[in-house]
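The following pair of complexes shares a single chain, chain A, combined with chain B in the former and chain C in the latter.
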Partner chain A sequence: MLLSDTSRAAIKDLLFRMADDCLILGHRNSEWVGIGPVLEEDIAFASIAQDKLGHALSLYTILHEYLGDQDADTLAFMRPEGQFKCCHLVEIPTQEYDIALVRHFLFDTADRLRFEMLASSSFEPLAQLARKIKGEITYHTMHANAFLRQLSRGSEEARFRMQSALNEVYPLALGIFEPSEFEEVLAQEGIFAGEVALEKRWQETIIPILEQAGLMVSIGAEATLGGRKGYHTEHLSPLLEEMSEVFVVDPTAEW
Partner chain B sequence: MITQNEVQEAAIWQALQDVADPEIPRLSVVDLGVITHVQVDDQNKAFITMTPTFSGCPAIHYMQDAIRSRIASMPFSEVEVKVSFENPWNSNKISEQGRAILLETGFAPPPKHDGYIELSVLEDVPCPYCGSRNTTLQSPFGPTLCRSIHYCNACSQAFEQFKPVV
Partner chain C sequence: MSVIQSLDPRITRALLSEEPETSQLVSNELFETYEVFHQAKTGARHTHVGSVHAPNAEMAYLFAKEQFGRRMTTTSLWVTRTTDIFTTNEDAELYITASAPEKEYRNANIWKVREKIDRFKKEQLNTISPQENE
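== the complex of A and B ==
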């Protein structure tokens, strides 16, 4: 596959954004193991975490096999914080279940739509992976939609908490779509239609579901930006430290 | 006319019936539908391509090694087992024999789909023990990525379904 230097740089930037989002959110989701509000939610978040780590692994593997980057473990565990391209949404700590659920809904809807768009990408290794992953994520959005509706239609307190969580998380979610310097190249080369197009589809998808749940997004909310350029919240560094602890001590360890 | 290579390829498909899904030992990797291509070239080299049920499946490398060691005893100059998403897995790829084995082992086989899945498909599952359709979906996520948890209201038995995936 012949790629120009600009195309390579553009694809790498896109893959790192996606892989880092999946890796970090996978880690956050895994924090629910053992403390979910009910056993089924423990299992659900653990399964979703496992899927996310699998998606991160597959994306890092493309970077390794086709774009000359290091192997997946090294990319996941050895990069300094400033090289991570994840958005702030995935970094914030697992606090209450309402925050986790709203984040899961907003992120996974965007993730599913992104993989649907990438299923026809001109970069074939990514298109193949996207065609596989979009089927798996259907289960994530199904889960998120069902619980969002149920909880928001519960008691007055439940609806209030879901709305408060949405108010807090929504600006962070807008940061998913922080444009890159490569938007034009990606679109021209048929690699990816771009963050603006994705955000539009995302808005069209989430609004009816939020309406059914009786929830509203704040008009004029401003996106929290910076993650895609390597500027992160204070929560990422401790997470990376914890996640890479074993690998850093002994990169050849098996577990 | 059947070539020598095709005879060898058929022998590989047959041998792969001995390699089991690590979670459901009666189910072979062939019946599970994860073997997507088998080829023997003129240098007597064997190429096997496989694909995971879920991209995050932790058993894929275990299965890859098991396939390699099963074929190693056969008279090929070299064996290559590759994991690829070129021809991705979906639950329709489980063979008829595989579906029968799932049912006998206590798993509801995935309903056949035409490229689209809704929650209602996952909810309407006959019990693998008594056949009743009076069942409830407990969780679309189960003990492994490819299974969901259900409960049969007729025979009061919890059971798992091998999930439909597009």
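== the complex of A and C ==
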């Protein structure tokens, strides 16, 4: 595969955003293992977290095999915070399950639509991955949609908490679509139609589901930006430290 | 109030009291059980594999998918409310094996037909083949 320097840089930027999102959210969701609300949901949510880590692994592996980056473990555990391209949405700490579920809904819908768009990408390794994980991601959004509907139609307290969580998380979710300097290249080369197109599809998808659930997003909410450029919340650094604690003891160890 | 200090950083962060409050479950906090039926390949029968707790069928399906669809090849799952399965308390009494052992002949399993067929075939072979050789 022959790639110009600009398209290489563009693809790398896109892959790091996606991989870092999946890795950090996978780690955050895994924090619910063993303390989830009911046994069955504990297992389901843990399984979704594990899928996310798997997607991160696949994306880092593409960076390693096709774009000359280091291996997946090194990329995941050894990079300094400033090199991470994840959005702030995935960084905020695990607090209550309402926040976890609303984040899960908003992020995974975007994730599903992004991979759907990438299934026809001209960058074949990414297109292949998108087709391969379609089933997993479909389940993730099925799970998220069902919870959103259930809880929002439940007791008054449940609906209130889902709405409060949405108010808190929505501006962070808008940060998923922080444009990169490579939008034009990606679109021209048929690699990815871009963050603006993705956000439009995302809005068209989430609004009817939120309406069904009786939830509203605040009009005119401003996106929380910076993550894609390496500026992060104060929560990312402790997460990275905890996540890589074992790996950095001996990075060359064979597992 | 003292807070639980755990080796698991998540537990410490959760600021849990060492003397937890106790509370009573109210009725809608208790989920119903749903029975799960699993199909391993298209066209095969669905086999009962276990049960999950869930507030409704949709959630039961979501949970069943992870409990039972994750570790084995799965083409389809069914879930049904446990209480929707019709059965009777007299179940065991209704069947021959329990109530009338002398009618065991009705039980198809006790007929060891295969053995009889094999024995018959062998006999036929022994009686026919010598003649053919002549």
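Please note the rule applied: the second predicted complex is superposed on the first by the 252 of 255 C-alpha atoms of A that agree within 3 Å, B and C clash if a C-alpha of one lies under 4 Å from a C-alpha of the other, contacts with A are read in each partner's own complex, and residues count from 1 in each chain.
Quick note on the criterion: a contact is a pair of C-beta atoms (placed from the backbone, for glycine too) under 8 Å apart; a residue touches a chain by one contact, two chains touch by 3 or more.
These numbers were taken from a predicted model, which means no experiment stands behind them.
Participant: Overlaying the two complexes on chain A, which is it for chain B and chain C: clash or fit?
Facilitator: In the arrangement built by aligning on chain A, the partners chain C and chain B clash.
Participant: Quick one: classify A:Gln150 as touching chain B (first), chain C (second), both or neither.
Facilitator: second
Participant: Looking at A:Glu178, would you say it contacts chain B, chain C, both, or neither? Reply first, second, both or neither.
Facilitator: neither
Participant: State whether A:Ser58 touches chain B only (first), chain C only (second), both chains, or neither.
Facilitator: first
Participant: Contacts for A:Asp111 in the overlay, against chain B (first) and chain C (second): which applies, first, second, both or neither?
Facilitator: In the superposed model, A:Asp111 contacts neither chain B nor chain C.
Participant: For A:Leu129, decide between first (touching chain B), second (touching chain C), both and neither.
Facilitator: First partner only.
Participant: Can you tell me whether chain B or chain C touches more residues on chain A?
Facilitator: B
Participant: Examine A:Met142 and indicate which partner it touches, taking first as chain B and second as chain C; both and neither are also allowed.
Facilitator: It touches chain B and chain C both.
Participant: Taking the superposition as given, does A:Ile35 touch the first partner, chain B, the second, chain C, both, or neither?
Facilitator: In the superposed model, A:Ile35 contacts chain C only, not chain B.
Participant: Just which bits of chain A does chain B share with chain C as contact spots?
Facilitator: 40, 43-44, 47, 139, 142-143, 146
Participant: Going by the contact rule at the top, pick out the chain A residues touching chain C in the complex.
Facilitator: My answer: residues 31, 35, 38-41, 43-44, 47, 93-94, 139, 142-143, 146, 150, 242.
Participant: Going by the contact rule at the top, pick out the chain C residues touching chain A in the complex.
Facilitator: Residues of chain C touching chain A: 9-11, 13-14, 31, 52-56, 58-59, 62-63, 65-67, 70.
Participant: Touching chain A in the complex: which residues of chain B?
Facilitator: Going through chain B, the ones touching chain A are 51, 54-58, 84-86, 88-90, 117-119, 138-143, 145, 149, 163, 165-166.
Participant: For a test of understanding, state which residues of chain A touch chain B in their complex under the given definition.
Facilitator: 40, 43-44, 46-48, 50-55, 57-58, 128-129, 131-133, 135-136, 138-139, 142-143, 146
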